[in-house]
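Per-chain numbering from 1; labels A, B, C and D assigned in written order.
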Amino acid sequence: MATAIQTMRKLLNDPEQAGKEALAGLAAAHGDILRYDAGAQIVVRADAPRKGKVALVSGGGAGHEPLHGGFVGLGMLDAACPGEIFTSPVPDQMLAATKAVDGGAGVVHLVKNYTGDVMNFKLAAEDAADEGIAVESVLIDDDVAVQDSLYTAGRRGVGATVLAEKIAGAAAERGDDVAAVAAIARRVNERARSFGIALSSCTPPSAGKPIFDLPVGEMEVGVGIHGEPGRRREPIGTAHEIADLMVEAVVSDLSPASGAKVLAFVNGLGGTPLLELYLLYGEVERGLRAHGLEPVRRLVGPFITSLEMAGASLTLLELDDDLLSLWDAPVHTAALRWGA
Amino acid sequence: METSIAVDHMLSVNDWMNQAAAAIEAEADHLTQLDSAIGDGDHGTNMTRGMRGVLAALADGDPDAPPGKRLILAGKTLVSTVGGASGPLWGSALRHGGRALGDRPELDGAGLVEVLTAALAAVQDLGAAEPGDKTMVDALGPALTALRERLDAGDPLDAALAAAADAAQEGARATTPMQARKGRASYLGERSVGHQDPGATSTALIVRALGSALVTTG
Amino acid sequence: MATAIQTMRKLLNDPEQAGKEALAGLAAAHGDILRYDAGAQIVVRADAPRKGKVALVSGGGAGHEPLHGGFVGLGMLDAACPGEIFTSPVPDQMLAATKAVDGGAGVVHLVKNYTGDVMNFKLAAEDAADEGIAVESVLIDDDVAVQDSLYTAGRRGVGATVLAEKIAGAAAERGDDVAAVAAIARRVNERARSFGIALSSCTPPSAGKPIFDLPVGEMEVGVGIHGEPGRRREPIGTAHEIADLMVEAVVSDLSPASGAKVLAFVNGLGGTPLLELYLLYGEVERGLRAHGLEPVRRLVGPFITSLEMAGASLTLLELDDDLLSLWDAPVHTAALRWGA
Amino acid sequence: METSIAVDHMLSVNDWMNQAAAAIEAEADHLTQLDSAIGDGDHGTNMTRGMRGVLAALADGDPDAPPGKRLILAGKTLVSTVGGASGPLWGSALRHGGRALGDRPELDGAGLVEVLTAALAAVQDLGAAEPGDKTMVDALGPALTALRERLDAGDPLDAALAAAADAAQEGARATTPMQARKGRASYLGERSVGHQDPGATSTALIVRALGSALVTTG
């Protein structure tokens, strides 16, 4: 299994330890915001537990940085449980995180809808209940590239995760109770849809080679964030065409009210630089306006990534006054910061 | 050490896990390759990490523990070290399999049928996969059926285990033309067709390892 | 010259228009902070000119996003002049920007030391003088990979540019006069050193193919931010080794006081994801401490990039109390935000 | 339109720029390739953008403007459209070259010597490059020397221009073994050796274009 770093264009020591070493670096760089418990393999807000505040815990495979560790801090997550790269964390981590941040007001687990994440968080919630901690689990499944049906694993959780962490985190900070925080997170998930495309594959450090082959000039349409191939492969389109495809996919599934105020989140998958993300954002805004929607908030950058994959995703969130004011509320994390 | 009271019709949990770990590790790249085609390219790494954890836990564990307890320890270790889909699934499988044995001092063929029955039920309970969904169920199910039928027919344990291993392997191969309806591969829709399921493939290896776990000295 | 987008893994329409379209997207996403004057090809702070405040203008080739447009806003730049990709802007842009932001207290030009940038800014400053606007130019040349000598173009301006824009911007915001703002920027440049390595080349959209070939398993040591090959090529090292190389290069050139408080800036070159940058940061912090230095502020992320190049650079700034408090002062730009 | 008062010993600025633009555009990929080796891979694009701008400006400009004014317009346009190192350098070169002509109605061989002398001085003034530094100076300098010598020797203008073009081209070729001491290529230190300088190469094209700018109708 030992993979030589010479097969990759990556900054690594031992490929197997990449996730853990990155967390140590995150903690070294942001000691004012968070701490990394290497034993329990969790990232916890520096001032946790916050007495009387509902605690928000999320987690999932690594390789999606800054998700989730970069979103630990005031107004967002109380703890993150990072798994191995592209592999859901284990229940022990989630239980440790839950106990570390429980301030007596209950804990909300934000779970991206992947078989592994769902099952591991389920086992952890059972363990937490055994220890007397009430956990509310909220499932995020916003990826419209995946058909939702009783006979599949359901839609994946992607970009809406970032928005739910921010908005539910603000609700917890304002003093909402555990049911209300969970309800807000569910509302974000209900009013958000995402769609992604990839222009390259990506290489998990321990694998040492790309997950799939994608010739230059083609794109994978409908990808998630785990280097999976998408729903179909097509010749690469212009940014204009790609934006139209993304906007059409999310708008037709979400069916927002006409004239709705929306938050548009153009996310980079890791290897696509800001120049291209802003270029795409311009096209997305054009597309949204053509659909009669009004972007009033934007987030542009690599916030939920797939290692160094080239590509982007669009997440659209239909806002109401409460969601908007929670979005605008102060946040102080490694990756998102305003008002604090 | 487990005490074995007869030749060739008892199984050692430690030997099973040792052989399974060796087989998984030898095939890790292949498993990861299969997972790259329709998943996220970590199945070989996941299972290797888990099986190493299991061996370490068994080595550290109570040397006098009965097979059921060993299986529970192995299952817990998988849950705590693997993550992903395969961790909770195989972890719960072994935990429930172990619980089915209770404190029985030995694991014989009949006991193994109980173990695998409980394991399959646990996998389906947690993962809700049906046969034909292109998952580990498609290897574990046929293995259990073959084992039960051969033992019911009076075959010796080693032959029954060989049949179970063949059935698991055949079941894994039969996942190739299936369209995945569970797990990551289901995201691919029709593109999942034409690839063998990694979890079914590793399951076949684990079942095959039972054949090397027969206790041949008394 | 027309390059087909099918030869690249990029989100583009017309490759020749990529820089301009990205600026339009930047402005669409951050209309509260800045505006983009497409005619003059400049990015200007939304509330410019600020009467009585020294104005800070920078610029350079595009392809380094978020530099410079992403640093326009409160507490940082008043205007940015983006050139074509990897090509210095023209004097007309710098003159237009200078006039647009001049609040009567003088204008400081922050110029990265490249032949093209220096000459174009020089012509612009002459034009501004003709129009009665006093311009102070500050040259940034922090890249220790390049030998400084009377017989070369001198050292390149790289990571220190970001720090100088932040710190001089804060000085301008606090009311320093034009000489003082320029002096602060020069102090940043004097107390900062950088060193970069690349793990891949990069592809300018209008070229359609990588600038150089770099086999997997090798790295270019001592690269700048224009996809230039570095000073030498070596087998790729571990993150530990690379951090040591970077730390050694900057520390030996800077010769900070023993026990000095430093700001460590681990910058991504565009295609390297945060996971690796944080992993590298951990190694850099270890290396700095081994040199008896005390990192008290950190910046980790892709802030001055070379398109989608994989790689990273380290910039080290020796802090004093004034630099530290100016670093901590409020900033509100697309790419850096705190305290506001 | 410029008025030409004699055959074959006057030059048209517009024809020069037209021919130079065509040559640059035809060689753009090659120039970019040279710049990729020791620079940042934009020289072909830069010069193409600039020369297109020059043609557009001349087409829009005063049809009765004398050569000096046309050169100033061309130079200003290069400054305003190219950026990079080559924009201000070639822009200043043509601006200063044009200023040297003043309002003279024609551009003849002697005038061209003055133009190129002023141009070279402007380039060296702004860029501080010496011969041998591996820059456009290594093409422009030899071109000027050859032109001056041939005209002084009484050669006809067309022959002198051919000699200048050959000298520029030879000068560009001679940059290959040099180590760059100015511009981006200097960052490479010894690694800049073995590559031909892109700016010297485009300069040779621009000098060569003079040969097609002889006004042959009166």
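As a working rule, contacts are C-beta pairs under 8 Å (C-beta built on N, C-alpha and C of every residue); 3 or more make two chains touch, one makes a residue touch a chain.
What you see is a predicted model; the values in this text were computed from it and never measured.
Engineer: Keeping to the contact definition above, tell me which chains border both chain B and chain C.
Structural biologist: Common contact partners of chain B and chain C, which must touch each of the two, are A.
Engineer: Starting from the Cα centroid of chain B, hunt down the chain whose centroid lies farthest away.
Structural biologist: Chain D.
Engineer: Between chain C and chain D, what's the gap in Å when you average each chain's C-alpha atoms?
Structural biologist: 32
Engineer: Return the distance between the CA-based centres of chain B and chain D, expressed in whole Å.
Structural biologist: 76
Engineer: Provide the C-alpha centroid distance between chain A and chain C, rounded to the nearest whole angstrom.
Structural biologist: Centre-to-centre distance between chain A and chain C: 29 Å.
Engineer: Which residues does chain D have that touch at least 2 chains other than itself?
Structural biologist: In chain D, no residue touches two or more other chains.
Engineer: Residues of chain C that contact two or more other chains, please.
Structural biologist: As it turns out, chain C has no residue touching two or more other chains.
Engineer: Classify the inter-chain contact topology: is it line, ring, star, complete, or other?
Structural biologist: Its topology is that of a line.
Engineer: Determine which chains touch and list them pairwise.
Structural biologist: A-B, A-C, C-D
Engineer: Enumerate the contact residues on chain A facing chain C in the complex.
Structural biologist: Residue list for chain A touching chain C: 5-13, 18-19, 21-26, 28-30, 62-63, 65-66, 70, 199-200, 216-217, 235-236, 238-240, 242, 270-283, 285, 298, 300, 302, 305, 307-308, 310, 312, 335, 337-338.
Engineer: Would you pull the chain A residues touching chain B in the complex into a rising list?
Structural biologist: 1, 16, 61, 83-92, 114-116, 119-120, 122-123, 145-147, 151-153, 156, 204, 206-207, 211-212, 224, 226-229, 231-232
Engineer: Which chain B residues qualify as touching chain A in the complex?
Structural biologist: Those residues of chain B that touch chain A are 25, 28-29, 32, 36-37, 39-42, 44-46, 48-49, 79-89, 92, 126-127, 181-184, 186-189, 191.
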